[in-house]
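This report refers to the structure that appears directly beneath it.
Per-chain numbering from 1; labels A, B and C assigned in written order.
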Amino acid sequence: MRIVVLVKQVPDMERVKFDCEAGRVDRSSAGTEINPFDLNALEAAVSIQEQLGGKIITLSMGPAAAEDALKDTIARGADESVLLSDRRFGGADVKATAKTIAAAIKKLGGADLIFAGIQTVDGDTGQVGPETAGYLDIPHISNVDFISAYSETDITVVSNVMEGSYVKKSSYPVLITVTKDINQPRLPSMKRKLSARKAHIPVWGYEELQDYIREDEIGLQGSATKVKRIEVPPAVTRKGQVWRENVEEAIDGLVEVLKKAKVLEV
Amino acid sequence: MKENIKAKLTEIVGQDWVVSNPEIIKTLCSDEAEIKITPCYDCIAAKPATAAEVAAIVKLANEEGIAVIARGGATGLVNAVVPIQPTIIISMERFKKIIEVDESNLTVECEAGVTLLDLVEYFNSHPTLYFAAHPGDEGAQVGGMIATNAGGVRTIKYGVVRDQVKSMEVVLPTGEIINMGGKFIKDNCGYDLKDLIIGSEGTLGIITKAVLALQPKEKYTGSVLIAFNTTADAVACVPDILKRGIKPLAVEYVERIQATNAATDIGQVWPVSKGSDDLYLIIASNSEDEFYEICETIVEICDAHNAVETLICETAKEQRNILEIRSHVYPSMLKKLVDCLDMAVPPDKIPAYMEQIRALSQKYGVEIQTCAHIGDGNMHNNIMTPDGQRPDCYEDLLDEIIQLCMSCNGTLTGEHGVGKLRNRHMKLQFTEKELELMRAIKKIFDPNNILNPGTAIC
Amino acid sequence: MKMTEKDCKGILVFAEQKKERIHRVSYELLGKGKELAAQLDCPLCSVVLGPPDMDVAELIYRGADIVYHITDPMAFAAPDEVLYEQNLVRLIRDVKPEICLFGATNFGRSLAPRVAAKLGAGLTADCTHLAIDQGQLVQIRPAFSENILAHIQSTAYPQMATVRYKEFNEAPRDTNRKGQIKAMEAYVSDNSPVKILEEIVKEDFDIADANVVVAAGAGVKAKEDLKMLQELAELLGGKLGASRAAVEAGLIAKDHQVGYSGNRVKPSIYIACGISGAPQHIAGMKESGIIIAINSDPSAPILNIADYAIVGNLYEIIPKMIRKLKNMKS
């Protein structure tokens, strides 16, 4: 049983600032941490490994500093980690990112199960997981908040799509994206944390992946979208409209607000 | 309540800001104390926005001979803001402004109604500075935290609220507005009126504005949870940690049952499962290596004291979860709680004190669950019964606990204050001469006994 | 085969259906798609996967010029991303649209990336605006916790985006509108490695996922008064929330409580009824889209953070609002 968990190091979203003039995120303004949903993905992997054995490999693409996030995954139960880091990977959009990750998973020799968080808190697209499955040509099940059963050959989960909850069963390999409701990630033990700090995290650049991906498929060059410009919308201020005497007028006003907000169509 | 008072208050603060609706008044007559005294509902509330308006109300009260209570977040636990006679309640909620952050002197100037949560959120997005104390419920207001000299979880490194107040603007009980203190460290000029008003529980003045100390943010913070099989092991660990020169932001002790109940109550999970008694430390450092060195030392000390599990949380969310569960211990007990005591004892007396508390619990057959700001010796022994009803032996039990506390050279209340709840026990801690001095001070500040009568002294 | 600008023409809107009911976001996409199609002078097409006897003319009424109806009696009854993807990719390769739009529903967000991967296309998630600039689609999406708006363009074809629900107006319904329905049997209907065993009904109450919250405070006097708030909530597709005071008064269960410690919510609309606005409460709801407060106390702090406030008696206002909303609906 080989389980790969996709993780991303993200800025602490409560603290991070946006540099309006440079039009980019000022990542130095905040500490970093593992994308919270990825901890749920890792916990799902660890709890399956506890029953079935096998190996958990965490995989992240990012700058060299993302090594810290991977060390943290080792403290939390991963057996091995690989960091995909190369200047040439820079500027990757969802497509180039998913393709690079897919290439790395192929180089690892594939996986039975791949877990990913439903989305990252910084990018927020929720696309890398399903697109990676697409590039690996394996099925995926998204928005999973419950694992009903699993064995050496297949897994049954509850997937929340189409305004319903569907019990889906898939043979391996399959990629699963999980929500925060699937489990409560355990805290790492201090001893594991202290020893994980000393772990060696292998770094793969383009050279290591070149049998699986072309150079024009990575980074900016391999991207199929580009950000034309960034707009900083004005801060939202509360309208502060107060009605006092005339209830009828107030109700008319509120109904208008509700209509505009499209909540009357249910 | 006399009609003319409503009219005069309306003149001072405007019609919208006077509350006389009895149903709303009712909601302004309590705090979070579990032991409820009977409030006097014959009250009127005003919501001024400036110190001048507060002063005008206080002057009016002196003219009319009516009591005044300044009400902050009302998160206190000793009925300090509960009126016991016809009273003008001054709600400070409109004093909401964070006025200035002074990065050179490491201070923030804010109005009295700014809440702890406002400060926390404001400094969350500040790049380098923060308000290091966490004195209580997030809804607590700056004025109230100063008036009660609140303590809370994070006192080990930076002290209690008294240690955070650089200066403040106060409306005296006679209606004058004065400023005291300043952005300096040393000040030996005359009696320290500021320190007298801090912790006076709204009896010597109404705080309208304050300058509070800030601390540079440490780059690395983490929370450590350590589980033990016995209270004695957990408690004995603490002096050994502090002795090594480790100054965590917080060192908390919590009985497992309290932690798990609090967590369940807010839909969380307390992350530790082994053992029965937990220590919870918040560690902060500017260097990653030093941070982990501290962690290693703590593991070593705790192992020597038979720790059964040691967990670390470093992400903002995980750390917030733990603090939230810890903050929720009090509300989660309420259904069973009879009295939440607040003794503080010298750290070296903690093991003996805890042992005696257990003995008293057995002697009276009454459950006493304990959580404690153990790093500073502030113990919350919670007297509990299955239905929260006071047991017949309550007074005897309480007397014995107080005597125990006195025999340990402790104090009746470490952080909650006296309010209108602990007055009658003050005689056990103070001589008549000391109490006389306190009364005399009150008389000098407040000759007509207008401000929060019946509170803080006896 | 890579698609290029030259061979791609037209806009294709994916219409999501469940039990043959089309998701309303699809009509919103047709509404927006119509505008974009006019600017590009191209046809607006829609694709729906469903049983052969499904009535798909609605998509014509809502503005589609051509509806591709991929049919199978069973295959599309459940949300199987693999089957959907295989059929859509075949269609898109045949039709070669320049723009493909999906609703950013849970299913759309799961399906679109698979399709994009198979086509080698770019994909922009969760757009809130779409525009045309020099013949190219500009995809505008909030990023970074809504702090910024990124303007994104695709460099590969088709240009693909998922679009948030309730951002655009639904296309008006015109039953006289004519269009072409092209029904075709599914290219693939049964080789998915994923088996969908059943749809289960969950009854977990989670106030945090409500789009509209109608919340009760100390101003609500009795348990049965909650019925009118519940009715208002239902009319708005929302859920019932509560302040700590209401929970402690025993009016309602704790899982409805909104506050700093409790449930922090971020609905599009928050209607605070008889809630004074203690700091703990405000901390749990201040990030709501639009805050409406109904309170008889003009000094209640909640009024300071509300977008719209009525100072008045909720026992008069709520029933009147309910009556008015009901009249509008019937």
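Please note the rule applied: contacts are C-beta pairs under 8 Å (C-beta built on N, C-alpha and C of every residue); 3 or more make two chains touch, one makes a residue touch a chain.
These numbers come from a predicted model, not from an experiment.
**Q** What chain sits nearest the middle when you go by CA atom centres?
**A** Chain nearest the centroid of all protein C-alpha atoms: A.
**Q** Could you tell me between which two chains the number of C-beta pairs in contact is largest?
**A** Counting C-beta pairs in contact per chain pair, the top pair is A-C.
**Q** Go ahead and note the Å separation of the Cα centroids belonging to chain A and chain B.
**A** 40
**Q** Using CA atom averages as chain centres, what separation in Å is found between chain A and chain C?
**A** Centre separation, chain A to chain C: 22 Å.
**Q** Round to the nearest whole Å and give the separation of the Cα centres of chain B and chain C.
**A** Comparing mean C-alpha positions, chain C is 45 Å from chain B.
**Q** Which parts of chain C, given as residue numbers and ranges, touch two or more other chains?
**A** 298
**Q** Do you know which chain B residues sit against two or more other chains?
**A** Where chain B is concerned, no single residue meets two or more other chains.
**Q** If we count contacts the way the header does, which residues on chain B are in touch with chain A in the complex?
**A** Going through chain B, the ones touching chain A are 124-125, 127, 219, 224-225, 268-269, 271, 292, 295-296, 298-299, 309-318.
**Q** Give every residue of chain A touching chain B within the complex, in rising order.
**A** Interface residues on chain A, with respect to chain B: 12, 14-15, 17, 29, 31, 33-34, 36, 39, 72, 184, 186-191, 193-194, 197.
**Q** Please name which positions on chain C make contact with chain B in the complex.
**A** These residues of chain C touch chain B: 218, 245, 254-255, 260-262, 276, 278-280, 283, 296-299, 301.
**Q** Please give the residue numbers of chain A that touch chain C in the complex, ascending.
**A** Against chain C, the touching part of chain A is residues 13, 16, 18, 25, 93-95, 98, 121-135, 138-143, 156, 158-171, 174, 177, 223-233, 238-244, 247-248, 250-255, 257-258, 261-266.
**Q** List the residues on chain B that touch chain C in their complex, please.
**A** By the definition above, chain B touches chain C via 15-19, 21, 24, 27, 47, 73, 93, 115, 117-118, 137-139, 265-267, 324, 327-328, 331.
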